[in-house]
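Several structures are given next for inspection.
The following pair of complexes shares a single chain, subunit A, combined with subunit B in the former and subunit C in the latter.
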Partner chain A sequence: MDYHSMSGQQSTAKSLPARTFHALCLAALLLVVSGCGGGESNVSLGNRTGTLHWGNGTEPQSLDPHIATGVPEHHIITSLMEGLVLKDSTTLAPIPGVAESWDVSDDGRVYTFHLRQNARWSNGDPHIAQDYVWSWWRALQPALGNLYAYMYYSINNAQEYYEGTITDFDQVGVKALDDYTLQVTLENPTPYFLQLLDHYSLFPVHQATVEKFGTADERGTRWTYEGNIVTNGPFQLLEWQINSRVVVERNPFYWDAENVGLNKIIFYPTENAVSEERMFRSGQLHYTNDVPTDKIPVYRNEGNPSLRVAPYLGSYFYRINTNVPHLQDKRVRRALAMAIDREQITEHILQAGQMPTYALTPPGTMGYYPKSDLTFDPEAAKQLLAEAGYPNGEGFPVTEILYNTNESHRKVAVAIQQMWNKYLNIEIKLLNQEWKVYLDSESAGQYTISRASWIGDYVDPNSFLDLFLCNGGNNRTGWCNAEYDRLILDVAPKMKSHEERLAVFQEAETLLLDAMPMIPIYIYTSKHLMNSSVKNHNGNLLDQTTFKELTLESDSSDSTGGNH
Partner chain B sequence: MDRVILEKTDERGSSLWQDAWVKLRKNRLALWGLAVLVILCVVSLLTPWIAPYGYEEQDLILGATPPSAEHWLGTDIFGRDMLTRIMYGGRVSLTVGFIATGVALIIGVLWGAIAGFAGGRVDAVMMRIVDILYALPFMIFIVLLMVVFGRNIFLLFFAIGAVEWLTMARIVRGQVMALRKQEFVEAAYSLGLSQWIIIRRHIIPNTLGPVIVYTTLTIPSVMLLEAFLSFLGLGIQPPQSSWGLLISYGVETMEEFPWLLIFPGLTLSLTLFALNFLGDGLRDALDPRTSKD
Partner chain C sequence: MFRFAINRLLQAIPVLLVVISITFLLVHSAPGGPFSADKAVPPEVLKALEAQYKLDQPLWQQYVGYLNDVLHGDFGPSFKYPGRTVNELIASGLPATAELAFYAMLVALFIGASAGVVAATRPNTLQDYLPMSAAMLGICMPSFLLGPLLVLVFGIHLEWVPVSGWGDSAGDKILPAITLGTGYAAYIARLSRGGMLEVLSQDYIRTARAKGLPESLIIAKHALRGGLIPVIAFIGPAFAGLLGGSFVVETIFQIPGLGRFYVQAAFNRDYTMILGTTIFFATLIIVFNLLSDMLAIWLNPKLRQEARGDH
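This part shows the complex of A and B:
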């Protein structure tokens, strides 16, 4: 059940199982009671007061935009902070954010941003171009351990600075021409550069606040805590109760404050999709992070309008730690990949229209279609494993799959465990960890095989393919191929036409799939339950929400759909 | 003279268990409970040979189906046979229940008896240790054990037992303190028996009543604790299963596939009832104070 609240402070061992047991017995009763409950629900109260109750999936790893890497963090950070450019919530085209306009040089390499004079930090401080120079300098400090540092590589000399071949930050292509003009020089014309600016890794941070609680490149200081953090977005942090909720309220200094539709947003760490769905039904949430796989057919059959399933630019895959001795052989990795029956997983376990995939990049991303020779072929897989020295799985060490605690990850892992056992005759163990612990284990390389996923940060194959750069912070597999790096970093950006660029990406992805440091499994669909009182929520391919646009309508409260 | 007395006590001591058995046999509910437990244990022992399917055998296309002729208790969402899963789950749950409770019983009874019997400073120190362990957050303790020794199912049994003995120790200590001043203990003293023999032969049998009742309560709570730990990734891992885990997964889908909750739930309840009836019966049968007629 909802174990967040149960961990830690229970002083007697006896009360834990007793509680679980009571919860089990009462669960059925509770469902009945909640339907006709007396008090006002979160949702109808929220609709009156302009408070949005948002299921956020998990406790955020960090609210520091230069440290966070996850989607749950993305929701909170984009409500608190804003980049130079925003994305249109429907078309995802760049629209003005902190920068009210920008000019691009003819060769597409120099961007000049004109910042809004009325933009302010949430403590009232002026928001100037120098803030960006300092923030980006901070994000490129190796000691900070920014896993997203490679997002800056399109900027002139940023990679060289990060890797230490240049020590003078003045040579990096970012300059404040005056307080409200920022000039960015790129290495090559980069078609997706404006989209990058809406990603939190390029968001500005408040220099005085960061420095008040530690040095600029110190990890995990208290500057992001409640009462300390100063941000520049439509909302500001009001309260952060660990494992309970994160509350943000309207930021009066935000340049577009009069157009912000909500007064407050409360983000809940709803790690358990089953209890999240129950919270939604009892009117405690406006929006859920996920829908339990077994509930999707039920909502579909009812024709319940709360269910929102949409295409989602994300890949679900398994990372393989290529430093583990028995996984160093690419034949072993390919054998594992070939022995997964993806269609059965998407059709019978996930059931929400996910698509089996045999490559990393979702097909159709900006007209890009990866080439893949990977198929489901248990016989060939067995053959490959035998060639690698494990005939019929003999002598293959017990291998562990790591996943973050979540019912659908568990189900996929259980299915794959059995497939590998059945087709390859190897023994697999499962290990689940809480989100933050899981991210740490994965980044530190303390895993054998790990569940992973990647959601596009912008709509371009590059957002997926630059994951597996040699020194990329989000690579985490130990796989490194100089030719792959060259194609992604040097060749593709210099291509003149879109088609040529895509061809280079295809070539790179073929290298990746041949070495198989990751096993592609399926392409995501986004699935949520949303209360009908939430207005102006436009679904998009990146499943990103523009919180400042949302409004709540109080009339249509409690229409969460039929009870079942 | 001395020899005669000693022989007489010896005879009485051995007849306590015979008396108990005679009394237990008259108690129908307790016998019924014993029979159920024996059957469950035998089935669990024989599971690898008599189970209709493999516990990890999946049939994703089949998916979750209600009870049918092929699958008497239905199948779960992976198309695995529930009867088989419950049988295999029983192996884990019953082992956890008995081993962890056994560990708790041995440590708790000895600790409580020694503290209560010795009294004074020894008692104070021993009970403060219990207090400190009580205050230690249980989860942190288990997580630390798992980190230091790695995840191992027997360690889990031990870890659960190692936190469950505290209450047992307190109960036993209270009983012992009350017993210590009774005439028959004084008598044993005056006959020159050593402290250890007095504890073993007179004190512990007299505390059996509450200890047995508490034990029958501990077994189910330990089984649920195992489910909770497994859910957090600290206990047993899929595709293995236990009753507690089957129930906690069953709860997730109780509206769509109620049989996934009902059958493991029924099995666990049956076990708990059996344990309670047997515990009640044993308490009546073993209590030396009700044994003179």
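This part shows the complex of A and C:
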């Protein structure tokens, strides 16, 4: 055999696959480039078709309004469902929803709602007052596991029914007088009651649909799945792909369907804010759920109009465990509160427009501006600490700050650690725990000082101040003051005028700040990126979006922002 | 071969039982419960919830009940997502994760094997050092760094590929596959280099060379089969690793896969979901190890004989 001829054959054999391989590589590259470069972005496509692409934070836990808790669920549910009243998207004042009007009795306890005759469920069924009676009965079944049952407690006998002290639902203050008239009787006049009606926990559900997939109080049936769910809001559920997207489309039976500006909304579970921001920049999203903290100064500096930062009805504070011996003295607690330079924290650490605060309730909550005698005053703090028996911090036990694992909580804790060390000469240790472990430690009272926050459920000082009631499940500080409880539970609800009521809240808050079982630090801001094609989106204190008002304008689709 | 497989599968049963038991104990002893939340949960609600998910029963009873359910192929309801079963959640996440793992494996094999073979043909020259240093870099470069880098360059600056999504727009699977595959490509490069070097020093290769065969034929026809055996042995566990380890890439690219559920389940203390996914991944690892062992036996005559000689 001739080796030469053989190797000659081999060399052709070798070069052939090699050439094919190169050609394949080139083809693949071309495919990549051609297939993707020319594609239209979600945003510009969405602007033409009226489809809003919405970064929604996480996969919704449930779309059942009597089970869900959480903001991502809130967005989807409020697009699908509607309560008796809505809130004005700027002022948050109650405006007609399913109820076109309502009367309030002179004593402020009886509300009579007149429902729209043209209100329909998304399957065309008439939407009547009895739907509310049934839905609210369902929401108050303990087996359902409704964490927002307390939103009903202003209704007469609702709490008693929920806790089982009365068993006859007819005694609860909700009655359908006829198909289109609903009467609600309250325990006390509750000025924020109308606001509660816009919270999803008080939304109606479609009885026939719920019962088709299980019993009324059965948790987690399939009635909320695509193809099953029937709702009464501006949109209806079209598609729910787990961990991928929730798509809602215009509901033709909605009473105000002609004024709904969008055809579709696609909600994406975007739990990673950094990825979300990249999606926004590449035109995949109209609106983001969040903005990464370190991106805010970048957007700020370039004056990018996409960045939307607004005050938010949330308070960031430290709980103090008043059962810990050296923190039982309120002078010590006040000294700690006075030795925090809050401006330093908001200006240089957080940098997202947060507002330093010296009280619990965010200012401007229903016209309430809490007065506080708390200031940043290291000298006075040192003095107080000395009076409490720790001159120049001597003998003060090493104290631990507990926070849940999170970069910005860590930064704040480190800053406060240094301030207390510098101004009070005391030693502070930091302890971070994973979220659920932290929750357990805090509610079991196994902490010394703990990071905390509270977001208002409704715009009223009550939503914050009832946190520190003696038996409040969210108190967790061991602090208890009978006078404080009396003011919040007995005095404030009976006040005739708004001003008098606010004065009572001020009195209570003064008590709280004097005893200082919690150290107020700052007021939250909401942070989003929004494409300029989104119109009629009004920021508000609750960071709520009225989806039916939104519209998309296609000519400004490319202004997502520059590169950074 | 058949008896070998059956034998191995029987051995897997106690392994799975141990996995289930340990995970069950760990999950139930972890601090923080599935229903602890920012807002205090009223006691009556907590009672109702615990009763519904049988958490009010003694632990051994829960364990026995759970084993029984698993035997019937039922991983139970998810605690976090009322109305969803764990089976349903796994089924919803698996296709994306499996597809991602498959593409990543292709990327890894293609880049890794070619780099390894190229390096092995000229050991200790630039042709060796260059791909091997690149491989070292690939091993060291974590996906949470590589992913965003690729996105910045190819997604945002060049606008060639979408920055996230899965099957939403053309080309959105390219970056995730490369990000996930690169680390494995690096391992495969090193493994195939080692395997090739060993084979290339064998007598039969010397014979082939002595016969005057061109180097490319020697490599393609004679050396590759033996040289890639370490890679084959690696593929099985690596594929299982790709399936279970795609969490980071799934998060970066917003892919609706199983990895995201797996990690979130742990944060949520979604007991049934943690257990279900753990059992599922354990089974996958066992199956893929078995498959790659079988492949290695089939490829290697020596092992083939051993497997036969066993029984």
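Operating definition for what follows: the second predicted complex is superposed on the first by the 337 of 564 C-alpha atoms of A that agree within 3 Å, B and C clash if a C-alpha of one lies under 4 Å from a C-alpha of the other, contacts with A are read in each partner's own complex, and residues count from 1 in each chain.
Following the convention adopted for this analysis, a residue touches a chain if its C-beta (ideal position, glycine included) is under 8 Å from a C-beta of that chain, and two chains touch if they have at least 3 such contacts.
Keep in mind that this is a model prediction, so the values were computed, not measured.
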{"item": "First, second, both or neither for A:473, with subunit B first and subunit C second", "value": "second"}
{"item": "First, second, both or neither for A:284, with subunit B first and subunit C second", "value": "second"}
{"item": "First (subunit B), second (subunit C), both or neither touched by A:349", "value": "first"}
{"item": "Partner chain in contact with A:177 - subunit B first, subunit C second, else both or neither", "value": "neither"}
{"item": "First, second, both or neither for A:93, with subunit B first and subunit C second", "value": "neither"}
{"item": "Partner contacting more residues of subunit A (subunit B vs subunit C)", "value": "C"}
{"item": "Which of subunit B and subunit C A:208 touches, first, second, both or neither", "value": "neither"}
{"item": "Partner chain in contact with A:274 - subunit B first, subunit C second, else both or neither", "value": "both"}
{"item": "Contact residues common to both interfaces of subunit A (with subunit B and with subunit C)", "value": "3, 7, 10-11, 13-14, 274"}
{"item": "Footprint of subunit C on subunit A - complex, ascending", "value": "3, 7, 10-11, 13-14, 32-33, 35-37, 39, 59, 61-62, 64, 67, 69, 142-147, 149-150, 162-164, 219-222, 224-225, 241-244, 268-272, 274-275, 278-279, 281-282, 284, 434-441, 443, 472-474, 476, 563"}
{"item": "Of all residues in subunit A, those that touch subunit B in their complex", "value": "1, 3, 6-14, 16-18, 20-21, 24, 27-28, 274, 292, 294-295, 297-298, 341, 344-345, 348-349, 405, 407, 410-411, 413-415, 417-418, 421, 429-433, 564"}
{"item": "Interfacial residue positions of subunit B with respect to subunit A in the complex", "value": "56-58, 60-61, 63-64, 77-78, 134-135, 137-140, 151, 163-164, 166-167, 220-225, 227-228, 231-233, 237-239, 247-248, 251-257, 265"}
{"item": "Parts of subunit C lying in touch with subunit A, wherever the complex brings them together", "value": "30-33, 36-42, 44-45, 47-49, 52, 77, 80-84, 88-89, 92-93, 148, 151-152, 155-157, 159-166, 169-171, 174, 211-214, 216-217, 251-254, 256-257, 260-261, 264, 267-269"}
